[in-house]
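Chain nomenclature is as follows: A, B, C and D, assigned in order of appearance, with residue numbering initiated at 1 for each chain independently.
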Amino acid sequence: MTTRHPSGGPRELVELTGHVLDTGLFTRVLDDVRALGADYEVVRFDVGKEHDDPSTVRIAVTAPDAATLDSVVMRLHTHGANLVEVEPARLTTVERDGVFPADFYATTNLPTQVRVAGTWHPVENPEMDCGIVVELEGELEGEGDAAVVRSVRTVPVSDVRAGSRIVSGAAGVRVTPPPREAGDDSGFTFMQSEVSSEKPQALVVRQIAEEMRAVKERGQRILWVLGPAVVHTGAAPSVAALVRGGWVDVLFGGNAIATHDVEQAIYGTSLGVDLSAGRGVEHGHEHHLRAINAVRQAGSLAAAVEQGVLTSGIMHALVEGGKDFVLVGSVRDDGPLPDVRTDVLDGQRAMRAQLHSPDKGEVGFCIVVATMLHGVATGNVLPSHIPLVCVDINPATVTKLADRGSAQARGVVTDVGLFCATLARELTGSET
Amino acid sequence: MTTRHPSGGPRELVELTGHVLDTGLFTRVLDDVRALGADYEVVRFDVGKEHDDPSTVRIAVTAPDAATLDSVVMRLHTHGANLVEVEPARLTTVERDGVFPADFYATTNLPTQVRVAGTWHPVENPEMDCGIVVELEGELEGEGDAAVVRSVRTVPVSDVRAGSRIVSGAAGVRVTPPPREAGDDSGFTFMQSEVSSEKPQALVVRQIAEEMRAVKERGQRILWVLGPAVVHTGAAPSVAALVRGGWVDVLFGGNAIATHDVEQAIYGTSLGVDLSAGRGVEHGHEHHLRAINAVRQAGSLAAAVEQGVLTSGIMHALVEGGKDFVLVGSVRDDGPLPDVRTDVLDGQRAMRAQLHSPDKGEVGFCIVVATMLHGVATGNVLPSHIPLVCVDINPATVTKLADRGSAQARGVVTDVGLFCATLARELTGSET
Amino acid sequence: MTTRHPSGGPRELVELTGHVLDTGLFTRVLDDVRALGADYEVVRFDVGKEHDDPSTVRIAVTAPDAATLDSVVMRLHTHGANLVEVEPARLTTVERDGVFPADFYATTNLPTQVRVAGTWHPVENPEMDCGIVVELEGELEGEGDAAVVRSVRTVPVSDVRAGSRIVSGAAGVRVTPPPREAGDDSGFTFMQSEVSSEKPQALVVRQIAEEMRAVKERGQRILWVLGPAVVHTGAAPSVAALVRGGWVDVLFGGNAIATHDVEQAIYGTSLGVDLSAGRGVEHGHEHHLRAINAVRQAGSLAAAVEQGVLTSGIMHALVEGGKDFVLVGSVRDDGPLPDVRTDVLDGQRAMRAQLHSPDKGEVGFCIVVATMLHGVATGNVLPSHIPLVCVDINPATVTKLADRGSAQARGVVTDVGLFCATLARELTGSET
Amino acid sequence: MTTRHPSGGPRELVELTGHVLDTGLFTRVLDDVRALGADYEVVRFDVGKEHDDPSTVRIAVTAPDAATLDSVVMRLHTHGANLVEVEPARLTTVERDGVFPADFYATTNLPTQVRVAGTWHPVENPEMDCGIVVELEGELEGEGDAAVVRSVRTVPVSDVRAGSRIVSGAAGVRVTPPPREAGDDSGFTFMQSEVSSEKPQALVVRQIAEEMRAVKERGQRILWVLGPAVVHTGAAPSVAALVRGGWVDVLFGGNAIATHDVEQAIYGTSLGVDLSAGRGVEHGHEHHLRAINAVRQAGSLAAAVEQGVLTSGIMHALVEGGKDFVLVGSVRDDGPLPDVRTDVLDGQRAMRAQLHSPDKGEVGFCIVVATMLHGVATGNVLPSHIPLVCVDINPATVTKLADRGSAQARGVVTDVGLFCATLARELTGSET
């Protein structure tokens, strides 16, 4: 065997099992090996005969140096490929708050296990682009020693503390392959094909409605992530009907969606556009400022509802229904509303708490409508097993969200207003 | 008074009456004068006191030379401004087929009158970017002479014949100002504001439906111009329902809309996309070829319906309902279908015949869905008094159509599939 | 005279002077009056005869109630129209931190004056969507009394403190009309026409370069607002050359632009794309995480430069040149870099400090490249007299920025990479 | 072995050789089998060990009926997969002009061979979406008989004549796999990754320039396909410089590109936009009409050059350099220019003649700039071995062209004006 990196270069065996061929997974694995400057040899290839049979492939990856090899293995983790050899994870102690060891293992959002003290421990809260903190009782002395593993969790770099033990390198980490992306026969999979506005969207709406019904039947929560265009396109009554119908358990968004919702509830306008007449006043900014000021005067959105200042709209329905919402500010905000978290790290923590708090119940479905900023932010903290649908009239937004590494993301390029109205009619029967 | 073009430069008085201020018309007039290198002086300004009062303004335009001045006056015609001085039109005889005299009057799409033999004659078929042919009985000898004016018509350059008399220069031509674009209180005017996807589209659909009902009540015809995305987005059943409901009197389009409609009727796919499952086969081109071949075998779309080859879809509904359609080919066509006119000038003539044949009845409304090519082509031949609505998910398409000089164009940026489904539900009650 | 709001309704005289007609200003004024539910009568109209002569118009606005009338007058302020009658500003004392009085005057970004104690006081830091705080020495007892006005400043609602005196209603406030938007003969004005990708962009680059040279000759600062696509499109070396050439005085941006710039400097990739080979590794996220971690390890961008960790790129050039930069975080950030402000209100304050600190020198030009979030945020705090150019390949971004009320915004729809390279060649002669 | 289509269903062995894995080809093959309602079993899989080794896979396809099976085999031809069993092609005689036999073989644009009389005959002019005509001397009586094959050519359905022999079904047809799409180490392949505006475009320009130099060194021709935005963006002087430099051998386009080029040459405007001042006159339509009329008066573009009417621009440079151009009309044309073919089928034939006439020399590279209509039309007639680059500022245009089945298409999302200027500087040194 000759490789580009002759015997001197380090080499690892990596294995991938599943629907390796008809999902294009194997192609992406080989592309990534080459793109990172490594090379491969296919060592074993057990191909599934029929389309439902899983395949197993094993490749030997050779790289010019150990760091590159580590990079390749971490990258292949995003495709669900794992090292064949079982080794213990290597732990490094953090020296300074907010700084990882240089060779920290960068997480994927796949279900992940870490081998410590002779056992594979599942990572409690899979999230991409984090490190993995292993909390021990006592000290590790060797594979299989007496140390007790208290927890294995992801931690973002901003939250890591000196003294924590962080997984270094890719050894001792394995992931579960991502859900099958193509060739699946379930109804929901039609959305696998390319992002396009040339799709039968009425059908798409029906399939999303079915998926939401299934999620609620499983007792899971539905997470909505909304941008202000939801209000501008006249969809607020539809979304409010969905809230009242029990189809919205938690909302993520920014100052704008809540502000324009409140503005519309109080003044009947959204960014100055009179929605019932469809007649625009482009720079009617003053209304949204007064809406913000009114809620600040009340003290909070809940207080505004209680005091009768806010009597309709999405936020009103959420407050009335006792639903959760996390509003995180951005640098372009006016105001903001008193409920908006102005520190973005604080905001990210609040979003994570909604996803990972045992008492909240599990989120089973996430739908992002008309927001790239909050959609990407949500995609960042979402484990890979929660389906994510992104709806926007701009194909670029839909593509961008999917590109950021959220393999489970599906895009729908359509009109946000008509989409919400059609979905609300489908799920609640309401004509808004 | 000093002007940039001192006494030597030619000068004309131009007058503009109507809602000159609150429509921005006057601003555009002044901009155009300056942009073409001429200058102006406001000679008279009778401003309407209240917002419903018309204003009258009169400006003196001075230009460096007569050709520029002629250009300016023709340009101002597009805004409905006319020369104050009444002069006879100057007629020049065409020397060669298909070539206008160098100084031909280039038409707008506004109602236009030409002064010949002491009388103002309306142009029978206003269309932009044409010349005006005056057919006389006998010879003109002077203002008010015995010559009889047989007809005054627009003619495209390709159709002009040697010996015809064409209007030269802007003298003796006057236009009716365009319909008021803003400040109008009728429901339909909301669509005047800027093209945007951030509009309450459910409301827009309702207003278009109302407009269509009014058009039918006036006994006028509705013209639809469709692109193939209508089929790709699953809207064909909705449009077919609209045809059956009597809301489509005539269709303009290309080979693609008809081909993919037939493909879907025969194979259940559109460009290879299985629309009932939403599952795409991107390069399923072969189906559309076989669909074309099947209709060629039958001889025509009507024959295919008669022979039972074509049993559903938009084209089927049009044939069954005895509606008109004009399909014009383009260089990217496969096939094409036997009903497609492959000569584009022949196609333009067929479109004009639908708009101007007395026995067809008047077209009172035009809606363009998901096609820039045929939308612009239709805008080119449409008189200014026929309202034109352009629906597309791509804002650039909507903007481009409006920019090409169709002042009456209104844009709706929305999902084509959901738009047609919602409109069909509104007008026909059908759930497709 | 009859109006819709008979004698009972309140009425104010408003005057507008300047290039009222050929800029469309008057049309917008009348549209806004009507859109807000008020009515008008044109009381006086002195039209400029030639295109360089200013016009003066005076209208009487009648509204159903005083609040609407106040709204209309504030709206007309955005067009530079002022009340004819001179009254003192009405001041209301703030009762609670972070809450304006209900009828606070909402600012425009135009130069503004407030009438207190018989004198017009200029607002020190014009910014839209704020309130106006008047700081007094002693108490006001009447027009012309002995109170001394210490300062008149805008204040965002989040920063207002109990006890401050805020201007209520529109009386006693006047604004300077916005700069002429059309018909101007200076080279820069070509950019007034509609946003379009169909423009001769080489010419646009040359005109922006000329404008930048003029700004530097006046001794003013140039503010750049950058998004990460600047790095993805390979423009970082061009921008770094512009920094070194003295064409970038201060940078606004987020975590992403700085992170990808550092990632490219350290790893040669941007979001995993190897820029020298143009070969993409879509999910090469790990590199940017390690880049962030390396700067966190160093302590700051400046420390990373000092320690030799960061040796090229935009941020390196800024640090080396001692230039200012304000990085403000967003909820989608990884990391972030230690220099990023994670509280968005804190970030806004830092941006304002760059615009209004006397010792920094005046910002004379602002260019926004490839970022909507930070572009809108900058537009929010920018006074109207600072020219703002927005460059993006996506027309929607350019349009949105202009729509948010930044009348001085000009859009360029073009390729960001080629734009920066061409501008750098023009200004610095460097080929990057 | 159990399959979904038990023993009753027809079955064929299909083989695919090449870079089957790392190009995603095999995934697409399996997807297509399933999407068309057939099933597969992997019969043999010889995987290339290293990334440069070819793989060979053989699958058994089972379908519910023979027609479906034929469809699947034709579809797999687009991926370069061939039937294992060697059978003679089945020929059917055409009964009516312009109609194929119902089961005609629908071509791909890959190099194709047809087995007639015991021999594989290459198809002379591969083109997708056509039929294959086999011209024989005498009659075929059996495999290996005395009939002489005179020619094997593609023919579009509109051009087929009664009596011709057309290949029916997929038997006896084999194709050469498409060129390797990924993993290739040549510089040009970077363009394989997804369409994106976030690419280092300066690098892209350089690589296209290199490719063009290589093409000219091989003595091949370069085909340009241009839309009118080339003129609107000020790129005409750059393209004219490229023509004069010998980098443009043949031009495809419509009436608009030539008209606006001539308009600019004569009036200095393009669609009324004064390009040297960048100052727009939106509806300056009259200029383009007069430009068309002037050329009609001259008789042709060549005559206009000869008579001194046309003295600059792209068309002038083509005429002066004796280069070929094919202008094909569309239904939205004004005029058109006398050189424009108004029959679209006639236009397609003229385009084919440029690609397949032996005396013209071979086209080795095709670049499409700013036109979807003519880009798709060109893609339709282009054999797969000619590289095709599509440049547009709108990602949708670029994506659409690639989607239409032109596997060799590469997209560049960038500013057309700056792109052409940069390419011209790179290739000709000219600063335009």
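Points to keep in mind about this one:
The working rule: contacts are C-beta pairs under 8 Å (C-beta built on N, C-alpha and C of every residue); 3 or more make two chains touch, one makes a residue touch a chain.
Given the structure is predicted, the values throughout are model-derived calculations rather than measurements.
Interface comparison, B-D versus B-C: the higher number of contacting C-beta pairs is recorded for B-D. Set against the Cα centre of chain B, the chain with the most distant centre is A. Distance from the chain A centre to the chain B centre is 47 Å, each centre being the mean of its Cα atoms.
With centres taken as mean Cα positions, chain C sits 40 Å from chain B.
The mean-CA centres of chain B and chain D are about 33 angstrom from one another, to the nearest whole unit. Contacts with at least two other chains are made by residues 279-280, 282, 394, 396 of chain D. By the touch rule above, chain C contacts chain A in their complex via residues 32, 35-36, 71, 74-75, 78, 96, 98-100, 102, 104, 106, 128-129, 156-158, 254, 274, 279-286, 289-290, 292-294, 296-297, 328-336, 338, 342-348, 351, 373-374, 376-377, 380, 394, 396, 403, 405. Note for the complex: chain C touches chain D at residues 190-191, 193-194, 197-205, 207, 229, 232-234, 273, 275-280, 282, 393-394, 413-419, 421-422, 432. Those residues of chain A lying in contact with chain D across their complex are 1, 3, 21-24, 26-27, 30-31, 33-34, 39-42, 45, 47-51, 182-183, 395-396.
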